[in-house]
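Note that the chains take the letters A, B, C and D in the order they are written out, and that residue 1 is the start of every chain.
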C-alpha cells in the first residue's frame, strides 16, 4: 500500500501544474456564480457554501478524469495488475490520493469564498472536517467511475454524467453543514449532516473497493 | 358535485392520463420498430 | 441463439392483458370512483401515479438483481435484462416525474415540490440515463456488460441514501405530502392499474431484452465449429 | 509424463474480440526450463495467446495451467511466477526510469537491472524523454526484476538496435540458465529458431 501511495503522490507531484490549473478553474467558477447572483452581499453570503461546493464539484471532475490518464498510457494499469498488485490496493491508493488532492483544492478555495462572498467563519476545524468528509464522498465513486470511463469514448462527458446524480447526498450534506458553519448553527443540526456524510463515505469506500477489480480486469 | 378545496382539477387529470398513455404507446411502437429492424 | 425462443408470444400477451387492465382501472378511477373530499378531481391522478411508482420500484429492483446476476454468472442473458431494465426503469421514472409535476401544480401551485420520493426518482432517472449513455460509449460487449452492471449496482444502492437525505433536507420548510390514505372503494382502480402496468412493463422488459439479445448475437461471433462441444 | 508439472498445459483455448475469433482451439504442452518460439504473422493470435497465459486477459473457451496453476482460479499465483513483455511498455511516462522500476522492487535491485540493460546513465530521466529502443530495454528491466520462472516475451526484438538484439539473446540465455521457461512470440523465425527448443506455429488463430 505504501508503494502504491508513494507512486500516486509522485505522479501527482509531477503533474502539479495541472492541479494549479484546476484551482484557477474552481476560483473562476466561484467568480462566475457571483455574477449570476449579482453584487447583493447578503444573498451571496447566504449561498456561499453552495457555491463553494459547486465549484469544488465541477473542478473535481477535471482531477478525477485525469486520475487514470497515467495508467492508461502504455497500459501501465495492466502492468501493475500483472506484478501482481492487488486491484483493491490500487483503488484505495488512487482514491486516497484523489481525496487529498480534492481536499487541498477545497482548502485553497475557502479563502476565495471568504473574500468573494464575505463568508468568513471562525469554525475552521468544522469546515476542514466537512471538506475532508465531502471530498472523500466525491472521490470514492469518482475514482471508480474515472477507471470505468477511462475505458470508454467521450470520457469527459461521461464521468460527470455518471457521478453527479450519485453524489447528490454528499452535495446536500456538505452544503448544509458548511452553511451552518458559516451562518451559525443554533439547533446544532450539522452533526446530523456529518453523520450522513460518514455513512455515505463508509458505504461507498467499501462498495467501490469491492467492485473495482471487476472494472479493471479484462 | 366537484366538492373539496381544489376545484377545476379535470384538465390536470386529463393531461396526466393522456401523457402517460402517449408515452407508453410511443415506447411500445419504438420497441416493435427496433425488434423488426434488429431481426 | 440468445433470445429465449421458449415463449415467443408471451410478451405480447402480457402487454395486451396489461392494456386491458389499465383501461378498466382507469375507467373506474376516472368516472366511477367518487372525488376525494379535499383534493376533488385532482386525486384521480393517483390512480395512475401510485401504480407507476410501485412498478418503477419493481423495475429498479429487477435491474439491480440482473446486474448482480451478471457479475456472478457473466451470462449475457442477464446483461440483456440489465439493458432492458435500465431503459424501462428510466421510462417509468420519467413518467413518474411528469405525473408528479402535473399533480403538484394544482395541489401546491408549483410544478416541482421537492417531495423526497419524486426527487429520488429524478436522481435515479439521471443515473440510469448516464448508464445508458455509458453503454453506448463502450464497444466491447463484455466490458460494456461489466461496467454497466457495476454502475447499476452503485446507482441503485444510492437510491435510499438520496431519499433520506432529501427528506432531511426538505422537511425543514414543508410537511412531506403523502398521497391521501386511500379508502376502500378507491382500491379497485388502484389495484387494477397496478397489475395493468405490471403486465405491460414485464412485456416491455421481455421485448427489450430480446432486442438486446439479438444485437448481442450479431455483435458476437458464434463459437468456432470444432469448439462447439467444448463450450464451457 | 514428466515428473515436474508441465510449465504450460493448454487445451482448446479460444478468445473472441467482437465478431472475430482472435484465437480458436489452441492446445499445446511445454516442459519446464525450455525456450518455445510461437511463430506466426501479425494477427495470427500470438499476442492473444501470450496475454491469456499470462492472465492479462481471460479466455472465452478452453482452460490451461501455467506453472501448475489454473489460469482462471489461481491467477495471482500465476502472476507471481510469470512476467510479460508486451507490445505496450507498461511504463509511466511522467516518472523516471528508476521510479518506474522501484514500483516493482527496492532501489538496489532497480539500479542493478538498469545497469544490466545499459540504462544506468539515464536512470533519473523521465521515460517521456526515452526513445522506443530505450523503452524496450526498460521494459526488459521490468521483466528481469520480477525474476519470473516463466517469461512471456512478445516480439522482444521489436524497435531494438543491433546491440539490443545481443542484449535480448543474453537475457534469454540468462533466464534459461536460471531454470526459467521462456515463451517468445515473434515473426522473425530465423533469429529465434536458432536457440528455441520447441516451436508452435499459429495461423489466424489456429495451430498451423
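To be clear about the criterion, a residue touches a chain if its C-beta (ideal position, glycine included) is under 8 Å from a C-beta of that chain, and two chains touch if they have at least 3 such contacts.
Predicted model only: the values in this text are computed from it and were never measured.
Counting C-beta pairs in contact across B-C and across C-D gives the higher total for B-C. Inter-chain spacing, taken between the CA centroids of chain B and chain D, is 61 Å. The distance from the centre of chain B to the centre of chain C, each centre being the mean of the chain's C-alpha atoms, comes to 15 Å. Rounded to whole angstrom units, the spacing between the C-alpha centres of chain A and chain B is 41. If you average the Cα atoms of chain C and of chain D, the two centres end up 48 Å apart. Multi-chain contact residues of chain C (touching two or more other chains): 139. Residue positions of chain B touching 2 or more other chains: none. Of all possible chain pairs, those that touch are A-C, A-D, B-C, C-D. Those residues of chain A that touch chain C in the shared complex are 141, 144-145, 148-149, 151-154, 157-158, 161-162, 164-166, 168-169, 172-173, 176, 192-193, 196, 199-200, 203-204, 207-208, 211, 214-215, 218. Within the complex, the chain A residues that touch chain D are 3, 7, 10-11, 14-15, 70, 73-76, 78-84, 86, 217-218. Taken together, the chain D residues at the contact with chain A in this complex read 54-58, 75-76, 79-80, 82-84, 86, 88-95, 99, 102-104, 126, 142, 146.
Those residues of chain D whose C-beta lies close enough to touch chain C in the complex are 12, 14, 16-21, 24-25, 61-63.
Residue ranges of chain C in contact with chain D, taken from their complex: 139-141, 219-221, 223-224, 226-227, 230-232.
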